[in-house]
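Got a structure here, written out as structure tokens. Questions coming.
Labels run A, B and C following the written order; every chain starts at residue 1.
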Amino acid sequence: MSSIRVDLQFSRQGFALHALFEIPASGITGVLGYSGSGKTTLLRAIAGLEPRAQGSIHIGATCWQEGSYARPVHQRRVGFVFQQPNLFPHLTVNENLCFGLRFRGATEQSFALDAAISLLGLESLLDRSPATLSGGEQQRVAIARALASAPELLLFDEPLSALDERRKAELLPYLERVHRELQVPGLYVSHAISEVTRIADHLLLLDAGRIVANGPIVDVLTDPENSTGLVGGDQALVVIDVRVAETDAVVGLARVTAPGGDLLIKHDRLVVGEKLRLQIAAHDISVALTKADDSSIINILPTRIDAISHSTCGQVILRLVMGETILLSCISMSSLKRLNLRVGDSVFAQIKAVAVLT
Amino acid sequence: MMLTDFNAVLLTLKLALVSTLVLLVLGTPLAWWLARSRWRYRFLVDAAVALPLVLPPTVLGFYLLLAFGSGGLMGLPTLAFTFTGLVIGSVIYSLPFVVQPLRDAFVAVGTPPLEAAATLGATPFQAFFSVVLPMARPGFLTAAVLGFAHTMGEFGVVLMIGGNIPGETRVASIAIYERVEGLDYVAAHELAVLLLLLSFGLLALVYGLNRRARVVGA
Amino acid sequence: MPFPAYNFLFYILVLCVGQADAAELRVAVASNFYLPMQQIVSAYEQQSDNTIKLSIGSSGKHYAQLQNGAPFDMLFSADSNTVYLLEQQELVIPGTRFTYAIGRLALVSMERENDTEAKLGVLAQRAGRIAIANPMLAPYGRAAQQTLQQAGLWAQLQPRLVIGENASQALQFVASRNARFGFVAASYLSMPKLSFAFVWLVPDWMHEPIVQQAAILQDTPAARDFAQFIVGESGAAVITSYGYHLP
């Protein structure tokens, strides 16, 4: 399988970025980092919008930058979604979407255009002027516009950060659709884990201009090394991709199978066979040495402690393994000592809350 | 009204039109550079462009007269007393009135639309014509109107280098002046009123068009 | 003229009373007479307490300004027509219109002529623009036109003419080398920093006399005094030294 290889350096007064990583050329790779960590700069540099960035960029077999050679922006088949929609005010929505068609040859494009319109649900907005659209609608058009140009690489620069909560919630399903139905690889930059967990398969952690973690999303989230950073501490969580095995409308529960065990989740219009992604925060998993039959918690699963790492403020994170599924549990230091937990111990994971992402 | 006076008005319109076109063609790349350049000495160019705003027209005319005349030393025919000479004078005289609105319009377009266009495959050239120009349209209208109107009213420069040649350099402002000097106030009034009405009509037309354009593109 | 006797009495009284306090005279003067006027003024101020403020311009401009209340005390025009018209409109003190100089016309160029005997004919022999003042407005332009017509060259040379607003601008066109030839007031030949490579004084018979007249607009002792000075010996000396004829 081909990959995307990036080795970029960029420096400005008071800030230096040196990003070196290789990620698969398929699926969405999330790029997480605090403000000022260089995420936007990295993305822009990959797109070619930062002329001062030096190094190399290879997308599969195509070289976008190497040494003194840098392919100009308009020749990189990149679909960039900015923080602000950046729609052309003098063109209608449809004309905005068709903008790229003029410059890149029409044939494969028209297919991408139709796909983009239906994926983002823009059929009724095509003749509108951008000024008459809401922020969320504008951003949808912006995403569709990037898709319609049939890019080789999608770049999302915190596309939801300019929206309020309601619009964000409106837009996320569309992003998920894009992720599910398109083959184009993409980089999704954000400072919010909750956005990234919904759509990323792969995760990069960026801290002070350096890549500090790189791997499949589950691995990065559960890596003990990351327990105190961006995805550690209070943010620690896991994602699990599951399939619906059976549903019980009467009780209102559904059973889903993960690689390693089953879970029961709330049944909300679920269909048997449907694929879901679950997100469970480390705070929502507690451990017990014995299985309680008299607890209100529905999901109590047998696991084994794989690693113990320090978290913030007198807490630790336990990496729990259940077959191929990894869970994280955040407990206090005192509980750790009291229960005398060690690596290798078998404990029961008590899952208090499960979020269904899709 | 005498035919020569009417021709003077036509000549004024011709001069204004030609000068404005030349200014739009020359001024657009200059305004673009001024809007985008980060050269630390760009302010000097800004000041040079603004210079005709504060320069008395007679000073400009005087230096043009000397410049044109010194060509004569080298055997070149002088540009004074020619329509071309007037166009050169008008272009310098009205430069800031065209370049400044254009520059401001380009600055208002900003960088994000250009970056978006580039990521969608437009070369800088294509981006300029398909994104910048349409977005800067009100600025172009303002620049064209100001340049045109300013040249219509030009007097000091033409007085210095024109030579008052009918059909070539005898523009309306000179003709009015001549009528006043010759104590023919009636003719002066006629000419002045005609010029005033034409100028006003033209300005009203262009601003009216711009008004609708602004609503559409907002 | 109503009450001429009263005017006369007034003048006598003023003369009897003698020189009043030192006054400031505002004088409008035609551009071609500016240089000689400056010299006259400095000579005058040396022997009088009065001061003179000069305002230079074309006669047409002065006329328009005076019609609209410009506060000049005296006008020295380049022609006689302007003063006449002002007199008709009672803007001039009656009886104070007088001729102060007869102008002379000169043909000049910044380029040399090898033939020292060269005269008007050079215009036909050489190419290049010929600058004249506007014949419709300026007496020196009129005189230039008459000269060319007299020599039978007017029709032939008309396409090569460039019209200056006044004699002074015709001079500018020549001095800046934009026009090869120019008809200018002879007084310009005395300008300090300018020298022409070719000069030919136009004989008086080739054009109507350029009668330059002046008048008093505000009747004051100072104005009367200055007028006297101009037509007196010292004034005359300066005028002739600048190439004008005396009336």
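The rule is short, and it goes like this: contacts are C-beta pairs under 8 Å (C-beta built on N, C-alpha and C of every residue); 3 or more make two chains touch, one makes a residue touch a chain.
If you're wondering where the values come from, they're calculated on a predicted model, not measured in any experiment.
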Chain located farthest away, centre of chain A as origin (C-alpha): C
Central chain (by mean CA position): B
Interchain centroid distance [CA atoms averaged], chain A/chain C, Å: 91
Distance between chain centroids, defined by C-alpha means - chain A, chain B (Å): 55
Rounded Å distance, chain B centre to chain C centre (Cα mean): 38
For chain B, residues that touch 2 or more chains besides their own: none
Chain B-facing residues of chain A, complex: 47-49, 72-80, 82, 84, 86, 88-90, 99-100, 102-104, 131, 145-146, 149
Contact set on chain B toward chain C in their complex: 65-66, 68-70, 72-73, 78, 80-81, 159-161, 163-165, 177-178, 180-183
Complex interface listing, chain C residues touching chain B: 58, 60-61, 63-64, 85, 129, 131, 134, 136-137, 161-165, 169, 172-173, 176-179
Chain B residues within the chain A interface of the complex: 112-113, 115-124, 126-127, 130-131, 134-135, 137, 217-218
